[in-house]
Amino acid sequence: MITHGQKVDSFRSKSRKGIVRGVRIIHGNRATVDLIAQSQMDFIYLDQQHGTITITDIFEITALLAPYDIVVLVRTADNGRKSIGLALDAGAHGILAPEIQTVTEAKEIVASLRFPPSGSRSWGSFAAGKSDYASFGGFVNPICWALIESKSALSEVEKIAQVEGIDGIYIGRFDLALSMSVSPEDIESSKTLDAEIRNILKQVQAAGLPTGTSGDFSKLTDQGFRILTVRSELELLSVGLKKYLTD
Amino acid sequence: MITHGQKVDSFRSKSRKGIVRGVRIIHGNRATVDLIAQSQMDFIYLDQQHGTITITDIFEITALLAPYDIVVLVRTADNGRKSIGLALDAGAHGILAPEIQTVTEAKEIVASLRFPPSGSRSWGSFAAGKSDYASFGGFVNPICWALIESKSALSEVEKIAQVEGIDGIYIGRFDLALSMSVSPEDIESSKTLDAEIRNILKQVQAAGLPTGTSGDFSKLTDQGFRILTVRSELELLSVGLKKYLTD
Amino acid sequence: MITHGQKVDSFRSKSRKGIVRGVRIIHGNRATVDLIAQSQMDFIYLDQQHGTITITDIFEITALLAPYDIVVLVRTADNGRKSIGLALDAGAHGILAPEIQTVTEAKEIVASLRFPPSGSRSWGSFAAGKSDYASFGGFVNPICWALIESKSALSEVEKIAQVEGIDGIYIGRFDLALSMSVSPEDIESSKTLDAEIRNILKQVQAAGLPTGTSGDFSKLTDQGFRILTVRSELELLSVGLKKYLTD
Amino acid sequence: MITHGQKVDSFRSKSRKGIVRGVRIIHGNRATVDLIAQSQMDFIYLDQQHGTITITDIFEITALLAPYDIVVLVRTADNGRKSIGLALDAGAHGILAPEIQTVTEAKEIVASLRFPPSGSRSWGSFAAGKSDYASFGGFVNPICWALIESKSALSEVEKIAQVEGIDGIYIGRFDLALSMSVSPEDIESSKTLDAEIRNILKQVQAAGLPTGTSGDFSKLTDQGFRILTVRSELELLSVGLKKYLTD
Amino acid sequence: MITHGQKVDSFRSKSRKGIVRGVRIIHGNRATVDLIAQSQMDFIYLDQQHGTITITDIFEITALLAPYDIVVLVRTADNGRKSIGLALDAGAHGILAPEIQTVTEAKEIVASLRFPPSGSRSWGSFAAGKSDYASFGGFVNPICWALIESKSALSEVEKIAQVEGIDGIYIGRFDLALSMSVSPEDIESSKTLDAEIRNILKQVQAAGLPTGTSGDFSKLTDQGFRILTVRSELELLSVGLKKYLTD
Amino acid sequence: MITHGQKVDSFRSKSRKGIVRGVRIIHGNRATVDLIAQSQMDFIYLDQQHGTITITDIFEITALLAPYDIVVLVRTADNGRKSIGLALDAGAHGILAPEIQTVTEAKEIVASLRFPPSGSRSWGSFAAGKSDYASFGGFVNPICWALIESKSALSEVEKIAQVEGIDGIYIGRFDLALSMSVSPEDIESSKTLDAEIRNILKQVQAAGLPTGTSGDFSKLTDQGFRILTVRSELELLSVGLKKYLTD
C-alpha cells in the first residue's frame, strides 16, 4: 500500500506538470467519498470553511481512502496553526488556506504545516502504535494551496505564488467577484473579473504552479486552470438527477 | 402544508393513472435526500433489505421531507408485521414488500398495514402531542407494492395483483433472473426472462396497477413500466462523476 | 454504588407493595434520560416496538444511569429470545413483553430471561473485565411485565398473572380498544372497555401483582393502577410548552 | 412553502411590533425541535456558546424546520466572522452575538452577516443545485441580537441599540449579575441589578427595538421584555416531570 | 489491492492448514479496528448476537479494512437468511452462525450464503458503480463457521463438520457449560466439559477443519484449537490497563 | 454519589501529595472510557488539541463517569476563554492548557476557569433543573495543568509553577525536543533534553506541585514524575495485541 508521504509527493509532482481533478466535499458521507475514491478523481477537499466537516470526518475518511490513489485535502475553517495542525494530525495530505492576502500570511501558513525547527507545528500522534501515523508528519511537507478571493489580494498574488511551500493558487471566484462589486449574476460575463483571473493565471503559471477553481472541467482547462474541482458532491447528485429526469 | 394522508392519496392516484419516478436510498444521508426532494422525483424508497437504513433514518427523513411533494416508502427487511408496523410508526407512507410468493402472503401484508378490525397493526404513536402523527395511521391505507423476484412466484402474479390493498407490482429483475438460472451477464439478452417480464407487465396492467423496476427511465417507459426507479443514490453520483471526468 | 442485582430486587419489591412511576422513551437522547434519572421517577422503558431505540442506546443509557436510583426496562420489538437476550446483554434490568396472548408464551418469555438450566438465554458478556457486567445476568432474575393488548388475551390474563417470573401486567389500552372495535375517540367513554380494564385490575391484584398503563398519574391511581407511565418523553416536553405558552 | 427570506422579514417585523417567544436549545435532538416547531413558539436559538450544537445540527435542523412558521437563530461560540458565516451558510436565520461591549464590535458583527460590498461575509453555498440555499444569503439581512452581559457594556447599550442592523438587545442576566458582584442567590432580589435592567429596557425601547431574556413569560412581559425565552429544552422537560410527579 | 474474493480464498486456505488469530468486536469503534488491522491478527468478527454492531458498522468497517490483510466476519444475530444476506451485502467475508444444532440447519445456512441456483441468497448491490462490490457476492463462497454451544448439539458435531460449505466449528464454551449444568466457576476445572471439548476437537480435525474458541492463545494452541480469538476488544484494553497499573 | 466539587478537591489533594495516573483519550468511545473508569486510573484527559473530542463527548463522558472515582480533564484546542469555558460547561473537572509560554498567559488561563469577580468565565448552565450542574461552576476551582513544550518557555517554568491556580506542570516532551532541535530518534538519549527535564522537575517540586508526562509508569516514577499518563487509549490496545500475538 502506498504510504502517506509517497501519495503527497506523487500528487505534488502531478499537479506541477499537468492537471489534477477533484471534488469539494461538504458533508463527508462515507459511501460518497468511497465511490469518488474509486473514480479517476485525483483529490477531494473536505470543507470546514463552508461545510460540516469535523475532525472525526477527516480521521475516518483519510483512513477509508488510504488504499486508493487519491489525496485528501482540507479547507480549514481558518488559517490558525491550531486548525491546520489538527487537520494534519487527523491524516490530511494538505490544506487549502482560505482568504490569503499577504506574503506574510502565506509564510506563516507554510510554517504551520511543518515541525520545528523549520516550522511551528505541534506534535500529536493520533494513533499510537501505527508507525505510518507516527512518522508521516515529520518527514512530509503537506500540500498547501492558497485561496485568493478578494480584490485587495490581487496585487500580492505574484509574490504569494513564489513563497517556498506554496503548491498552487486557488481562486475563490465568487468572493473575488463580490469584493470587486461584481454581482452574482454578472460573474460569467464580467470583463473586469475575467481580466483579473487571466492575470492570476499568467502570474501563477510563471511561478511554475497550477491555478485552480471549480466549474466545468473542459471550460476550465481551456482557460488554463490545472486544478479542476467539482463544486461539491451535491453537484454530482444534481447532474445524476437531471440526466434521469430529462432522459 | 400537505398532510400525510393527502400525500398518500395523491401519490396512489398518480401511480394508477400515469408514471411515478423515484430513487432507491441505501444510506440515508440527510443532504442527499433533501436534494432529491427538491427535484421532480415522486418518491424515494429507503432500503432495509439491501441497505443500511435504521428506524431513526425513517423517522428523521420522513420529517425532513414533509414539506416537499415526495413520498417516502420503505423496503422492509422482511414482511413480518412487526417490521412493517415500525416503519409506518416512524412515518413511512408505505412499503415495498420483498419476495412475495403467494396471495396469502400478500393479504397478510396488507393486513399488517392496517389497524384492527380491518387489519393487524399495533398502535404506537411516535410523537405525542403532534396531531398529524397521532392520526395518520388510523385513517390512511399506506401504499403497498409487492416485489416479485422468483420463478415460483410467476404463476401467482395475476392473482397477487388483484388482492385488495396491493398498489403495484415491483420486479426484482436480478433475483428473478438468478432463480431462472439466467446468469448476471445474460440479464439484458435473455429472451426467457424478457418473455416473463412482458407477461407480468400485461397481467398487472390488466389489474389496473403499475409495474415497476429500476433502470434507464426512457427504456423502462418503452417497455411499459410505470414505476421507474434509479438503482440507488450512488448511481446518481456515478452519473455525475462520469459526466465531469469525460467532459 | 448500588449493583445491578440490588436495583432489580429493590424495584421488584417496591412494585409489589406500592406504586412505581416511569416514562416511556422513544428516542433515547442522553440529556433527556439523564434529567429524568435525577427526578423521582422509578423507571424508564426504552421502546423498541414503537420507538427508535438501538442496542447501543440500551448499552450507553444503562451505563449512564447506573449511579441513579432508577431502573431501565426495554420493550423489545418482539418476544423472541434473541431480542430479549440482546437487550439484557446490553444492560437492561428487565423487559416489557408486547402482545402476550397465552400462558405458554408467558412461560417462554420468562425462560428467555434466564440462563440454563432454568432458562434458555445465551451467555454473552458485553464488557470483558467488568465484573459487574460479567455476573449480573447469572444471578439476577430480570423484571418481566406482560403486555395485554387484545380482546383474545382477556380470558388468559388471570392465568398469565400467575406464571412464575411475571412481575406485572401492562395494559396496551389503545390496541385493546381497537381489537374490541372501540374507536379511538371512544376510548375514554366506552363502558365495555372500562369493564374489561376493571376486570384485569381485579385479577392481577388477586395474583399479588401490579397493573400498569400510561396516562395522568392521579387518575390512574384512582383506578387502581400501580405502574404509572408518562406516554413518552415528548409528552413531558408538550406539558412544558403548554405551560410556557399559556401562562 | 415560505422562503428563507420571507421568514426573516416576517419574524423581524413581528419582533419590532410585538412579542416573540422561543426556546434555547442545548442539545439539538431532532424529535425535540420538531415538536417545538409545531407549537406556537416563534423561534428557537441553537446554543454554541453554552451548548453542544454543531454545524451539522444547524444544517439539519434548519432543513427539518423549513415548513414550519418558526425561525432558527444561533448563538455563535464567538463573534468572529468565520463562526458567524458558517452558521449562516448552514441555514440559520440569524444570530445572537455574545458579550457585546462596544459599538465597534456591534458594527463588525453586522458586517459579518452581510456580503461585500456592504459586509465582509465569505460566500459558500452549502447545497449545490438548491436555488433557495444559493440565493438566500445574498438578498437577506439576517436577524442580529446583541447580548449585553457585563457591567462595562451598560454605558454602551443605548448606542449599540442604534447601530443599523441590530434587531434587538438580549440580556445575559446571570453574567451581568456576576460582573456587578451580585451573587447568584441575589439575582431576583437585587435592586441594583433590577435598576440596570429597567434602564436597558427603556433605552432599547427608545431605539424601537425589543429586549429579551429567559424566564417566566408572564413575568417577563410585565417587566417590558418582548423577546421571551425558555431557559432550555431541558427546562420544558422539568416542567413536565414536575407536573406528573406532583399531580 | 487484494480483492474481496482473494482475501476469502487466502484466509480459507490458511485456516485449513494452520492457525488463524482474531478479535471479537463488540462496539465497532473505527480507530480500534483500524489499529487491529495493522497488527498480525488474521480476522475480526463483528458481534451482532452479543454486541452493538449495526449494518452501517459492517459496511464502513469492511471498507476501512479493505487494504489490510485481515478478514471481517460477522456473528449474525440469528441464522435467518435475511440477517445473513444483509451482513454479506454490507461487505462481510463470512459469518459465525450461532447455536447450530443440526445438519439441516447447517445446510440451510450454507445455502443462505450463496446465490441461486446453488443457494437462496437475494441479490442486492450496496454500492452502484463499484465493480468490486457488484461482483464479489456472485463468485465467492463466504466463510462459514458453525457455533456449537449446547449439549444437544454434541451428537451432531461430527456430521455438521462434514457439511459442504462449513469451514470450521466454533465452540461457545460458556453456553455449552451452562447447558451441561456446569456452573461458570467450574468451567476451567470441569472434566466432563473438558472431555466433550476434546471430543469435538478430534471429530472436527478428522473432517479436515479447524476448531475455534476464545482464550489465551498459547493455551488454546496446546489444546489443539486452530481458530484463536481474543474475547473482545475490551479484553485488549484490560490487558493494557493491567500492564500499566502493575508495572 | 460523590459531587463534582468533592471529586476535584480530592483529586487535587491526591496530586499534591502523591502520584496520579491517567490515560489520554483521543477518540472518546463510550465503552473504552467506561472500562478505564472501572480500573484504578485516577483521571482521563480528553484531547481536543490532538484528538477528535467534541463538546458532546465531554458532556456525555463526564455524565457516564460520574459514579466512578475518576476525574475527567480536557486538553482544550487552544487557551481562549471561550474554549475553556465550553469544556467546563460540559462537565470537565479541569483542563490541560497547551503551549504555555509566560506567567501572563498562565494567569489569564486561571482567570478563564473562574467566574467574576475573581475570573472571566461566562455563565451557561448546560442542564436546567439539575442542581449539581447549576452550581458546580460557581464554587469549584477546576484543575489547571500548564503544558510546557518549547525551549522558550523553559526560563519561565519556575514562575509559572508559582502562579496561584496552577495545579501542575505537564511536559510535552516531543514538542520540547523538536523546539530544541533534538530529533525524534534522539529523544531518549539526548543529554541536553534530559538536563532540561530534570531542571523542570526540580523547579516544580520546589513549588509544591507535581510534574507530568506520558510513558512507562515505573520509569517516570523513578525520574520524579507524579502525573503519569498512558500515551493514549490506543496504546492500551497495542499492549493487549502484543501480549496476545507474542504469547
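A few points about this structure:
As written, the chains take the letters A, B, C, D, E and F, and residue 1 is the first residue of each chain.
The rule is simple: a residue touches a chain if its C-beta (ideal position, glycine included) is under 8 Å from a C-beta of that chain, and two chains touch if they have at least 3 such contacts.
The structure presented is a predicted model; accordingly, all values stated were derived computationally and were not measured.
By the document's definition of touch, common neighbours of subunit B and subunit E comprise A, C.
Chain pair A-F has a twin interface among E-F, C-D or B-C; that twin, with over half of the contact pairs alike by residue number, is B-C. Greatest centre-to-centre distance from subunit F is found for B, with centres as Cα means. Two copies of one sequence, subunit D and subunit F, touch each other mainly through non-matching residues, since under half of the numbers at the interface are common to both. When every chain is reduced to the mean of its CA atoms, the largest separation from subunit D belongs to E. Measuring from the averaged C-alpha position of subunit A to that of subunit C gives a distance of 54 Å.
Centroid to centroid, with C-alpha atoms defining each point, subunit C and subunit E lie 34 Å apart. With centres defined as mean CA coordinates, subunit E is found 42 Å away from subunit A.
Each of the following residues of subunit D touches two or more other chains: 26, 31, 35, 54, 59, 127, 129-130, 234-235, 237-238, 241. Taken as a contact graph, the chains fit none of the simple arrangements: neither line, ring, star nor complete graph. This structure has the following touching chain pairs: A-B, A-D, A-E, A-F, B-C, B-D, B-E, C-D, C-E, C-F, D-F, E-F. Subunit F meets subunit E in the complex at residues 21, 26-27, 29, 31-32, 35-36, 39-41, 216-218, 230, 233-241, 243-245, 247. Contacts from subunit A toward subunit E in the complex involve residues 1, 30-31, 34-35, 38, 59-60, 63-64, 66-67, 127, 129-130.
Against subunit F, in their complex, subunit A makes its touches with residues 54-56, 59, 80, 82, 85-86, 89-90, 115-117, 122-130, 138. If you check the complex, the residues on subunit C that touch subunit B are 26, 47, 49-52, 54, 77-78, 98-99, 149, 172, 174-175, 178-179, 181, 184, 231-232, 234-235, 237-238, 241.
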